[in-house]
């Protein structure tokens, strides 16, 4: 017997590492193989990959890829959803592997500054989308393409106040600490709802957290401990979690409920009156414009450094309006395989 | 009772009037022991005579209730194992104590590593290790070999080397040969001679009396917690030692129920396991109780485990009801009506934290379930019947087994076999740790099962026990195991306690 | 029956240790070669330096976890300790106490957390899994409480932010032999921890307790005190990892390192440690951590989706442990 020498472990490592990458690469790496030679590679880095919202961004990026000649989109989010350190490493890794441009939805407006600076310093343009980044536009990042989140929050506040006819108790379930975009929505909402003197804002400073799951738990606890006439949630996962909690208590459609972002589940609830209104962004446009801006910056073409991709308030009445279709029903299937 | 004779050599250790009680059980009742420099003292006695307790007191693992000890002329009263080691008393335990991942040298130095400010010395201790290993006369034990790669015999030598490095004056060996082969035993004896030559006193505990006569200078016999005889080994016979160990006993009464031997239930044909038992032939019939005597470690438990498929079969064949079983598994054996009650009720036999009902029905739930769900009412009714039949003293079927007394726990273990409706019961130490009253009840029950009662057909029973009087009282036929071999089965009337003990220690009549 | 055994042919201690430490190294080279074949681009010294920088937090925590796992324990609270220490470090900086104080604060935070884990295990006799499962939530909650639920953002990092710049020459950050300070901290800690494990009494006792606690007790080793030391050391190194996380993110984020304990444990296991105790190597754990960073980097370079990497790392862990079990079984028979 050869004691304590894990030679077989090496064999196992070898086997596993040989088998798996081969099995996986054959499908994924073969697609862009032909383009690889001369195409400009643009990394698009979302905050996560499971929300509907990011799928729309992905579709928008692919739309730009098809429209513009000679670019290739590399889509990768942090392995653990919403993990700042991993997103930071991801930007560094793309920078190190010689990517040509980066489109980034930063998870943190401060932690991501250093890697963006680095990329810019190495001549890789970084376009920030969705959420803001501290730092100087033009130096730390090339451009900012996003929803006017403050305006979106205001839109929600104004409409919820109108639906409630200016009276009642309104609950705000916040999203998460350190997320700039949702904080702006929350502030816009608070500003608008305060304009209704008959409305009491209840802001227990509770946070829904990153997932639908955590949002649902938080919402259940809030509903357990109080009664409300109106509710606002500032993003898709918190809105969905709240919707699940309301349904479980048979309160859906009894409370006036305004959410943020669109996903098939939320739109269905909107149609049956369980949600009164949704502030919707145009994430596909965000992905599209972000990618286009990055390519323009790369090719030294003129570009708009600050792009507002717009918001709209959708209700059961106007959901079928043609001008709202890019917001509520982006043609994802044209661009994504799933 | 003969007075303790003082050893001839220079006195090294003396223990006087040591008392120790565990609750109501008095394990040591004024035990004495003397050990001289450079001698081997064999400490012998039956299971439960107090040998282990006395040695634990010596090694500091137990504090005595009374008595005094002197070591090298100075009062000796260790507060713990560490203090005992420092004073020069080392124990080589039956279960080997080495850290398998550390090397031989690291094991030998464990706990006494020379160091400077926490950093280990590298050269000097090596010489001490090499010197200690030289005593062992095994040049093949390398200081840098991982201890886990050594065979048991060599591991034991590593423990001895550890004692040497720690400058032990007294080394206690508890059944050192129980897991050794003949060649390793010879080697161990050579090592022990070397230790004595170096002035170390050795206390040698063993059941193997012929070995004792070979290796020891003097012997001391413990019975019921006191020293009953001590003397020089020269001129003493195994026979004499056995008689001294057993003393006179209270005869226990075992009611005899008339029984009739039926068809063979279990036939073993040269059954061998890994490493015990080796080549056992045995036939057990319906309506008879077969007893297996022998020492702890002789392979009795392994025999039952091998039959039941808990240990792998290396050779030979098991037949149940005339049908050969190629590869026994507990599931297969239970299906064919063979059940085992383990000697280790706490670890193996019972799910202690669960209820009587759950324990009883664990192996057979059919008839108690509908659509995959257990019918609690039916389960309770079924279990209540067994509780009454076996007179389990409890509050009801839902009481957790851990809150029962040992005897009642054993009855629950039996109830499981009966609920399963096995034809053959393999019972390993069914009366271990049970009070006298319950013992009698258990044996009465075993007798009744073998005789059959009411519509119940007679069953076959195999009983493994360390208590020879019990075996003689309850069994129809008895065989003795010695080092993995089962001697010929003879009717109980042809055996005596004395004969059983002699056969168990490997002596010839 | 066991007869007189065959002579045990074994190589010298040094050679054995070298080979033990070398094994994950070779594994790394093999995996590296496979990946280099698929994604040869940009695998130069700068990429290796980047990977070292990214390995720093997990690598530091893994050095401490190696001791815990060798002693047959486990520490599930490291992720939370990292978050808590990054918060206390950031708070110290925020209070204007300077970089040295921040390093000390993070180390002390970690050591205190580790000591508390050790006390729970020793005094309340909790199994390490349960004790640290409990403190995992406790420390995470403390981090959120102390930080006021949002990332603590010191105005001035007092130069600490230069410790982990992957391209020091771009930002003028201090570097030695081209590597930033943080990487040297990791290399130094790894080296020291490896040395202590093999050459000190404390290291020897850690191995002995994990190999056979009963024997260690019998040999007079103070089990409780040694375990306290082990968990405190692991905590202090997790605290250092927390400081490095803070340095990386330039803020003390109470939600950072969520689930990182699993990466740390995986690194230690890939590095050859046995969860049943008694064996393991600090250098191996370092290589295990580096291997995971490497895989992440290569998956990005190859444009592979995340799930591929998760599948690969999962199989590497299973493979490493399966081999360990196989070896145990062979030794047992």
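Order of writing sets the chain letters: A, B and C. Residues in each chain are counted from 1.
In this section, a residue touches a chain if its C-beta (ideal position, glycine included) is under 8 Å from a C-beta of that chain, and two chains touch if they have at least 3 such contacts.
Values in this document were obtained by computation on a predicted structure and should not be read as measured data.
*Asks:* Among all chains, whose Cα centre is located farthest from the one for subunit C?
*Replies:* Most distant chain from subunit C: B.
*Asks:* Relative to the centroid of every protein C-alpha atom displayed, which chain's own C-alpha centroid is closest?
*Replies:* C
*Asks:* I'd like the Å distance between the centres of subunit B and subunit C, where a centre is the mean of that chain's Cα atoms.
*Replies:* 45
*Asks:* Hey, how far is the Cα centre of subunit A from the one of subunit B, in Å?
*Replies:* The computed centroid separation for subunit A versus subunit B comes out at 68 Å.
*Asks:* Based only on mean CA positions, could you tell me how far subunit A sits from subunit C in angstrom?
*Replies:* Taking the average C-alpha coordinate of subunit A and of subunit C, the gap between them is 32 Å.
*Asks:* Which subunit C residues sit where two or more other chains touch them?
*Replies:* 10, 16, 279, 331
*Asks:* What are the residues of subunit A that contact at least two other chains?
*Replies:* In subunit A, 1, 3-4 touch at least two other chains.
*Asks:* Among all residues of subunit B, which ones touch two or more of the remaining chains?
*Replies:* 101, 145-146, 148-149
*Asks:* Please name which positions on subunit C make contact with subunit A in the complex.
*Replies:* These residues of subunit C touch subunit A: 10, 16, 19-20, 23, 26-27, 30-31, 34-35, 38, 41-42, 46-47, 50, 53-54, 57, 149-151, 153, 161, 165-167, 170-171, 245, 248-251, 253-259, 272, 279, 293, 296-297, 300-306, 308-312, 315-316, 318-320, 322-324, 326-327, 330-331.
*Asks:* Spell out the part of subunit A that touches subunit C in their complex, as residue ranges.
*Replies:* Residue list for subunit A touching subunit C: 1, 3-18, 20-21, 24-25, 28-29, 32, 49, 74, 76-80, 82-85, 88-90, 92-94, 96-98, 108, 110-111, 113-114, 117-118, 121-122, 176-178, 205, 207.
*Asks:* In the complex, go through subunit B and note every residue touching subunit C.
*Replies:* The touching residues are 81-82, 85-86, 91, 93, 97-103, 106-107, 110-113, 115, 118-120, 122, 139-142, 144-146, 148-154, 162, 179-184, 187, 275, 484.
*Asks:* Show which residues of subunit C lie in contact with subunit B when the two form their complex.
*Replies:* 1-8, 10-13, 16, 199-202, 204, 207-208, 210-212, 214-221, 278-279, 331
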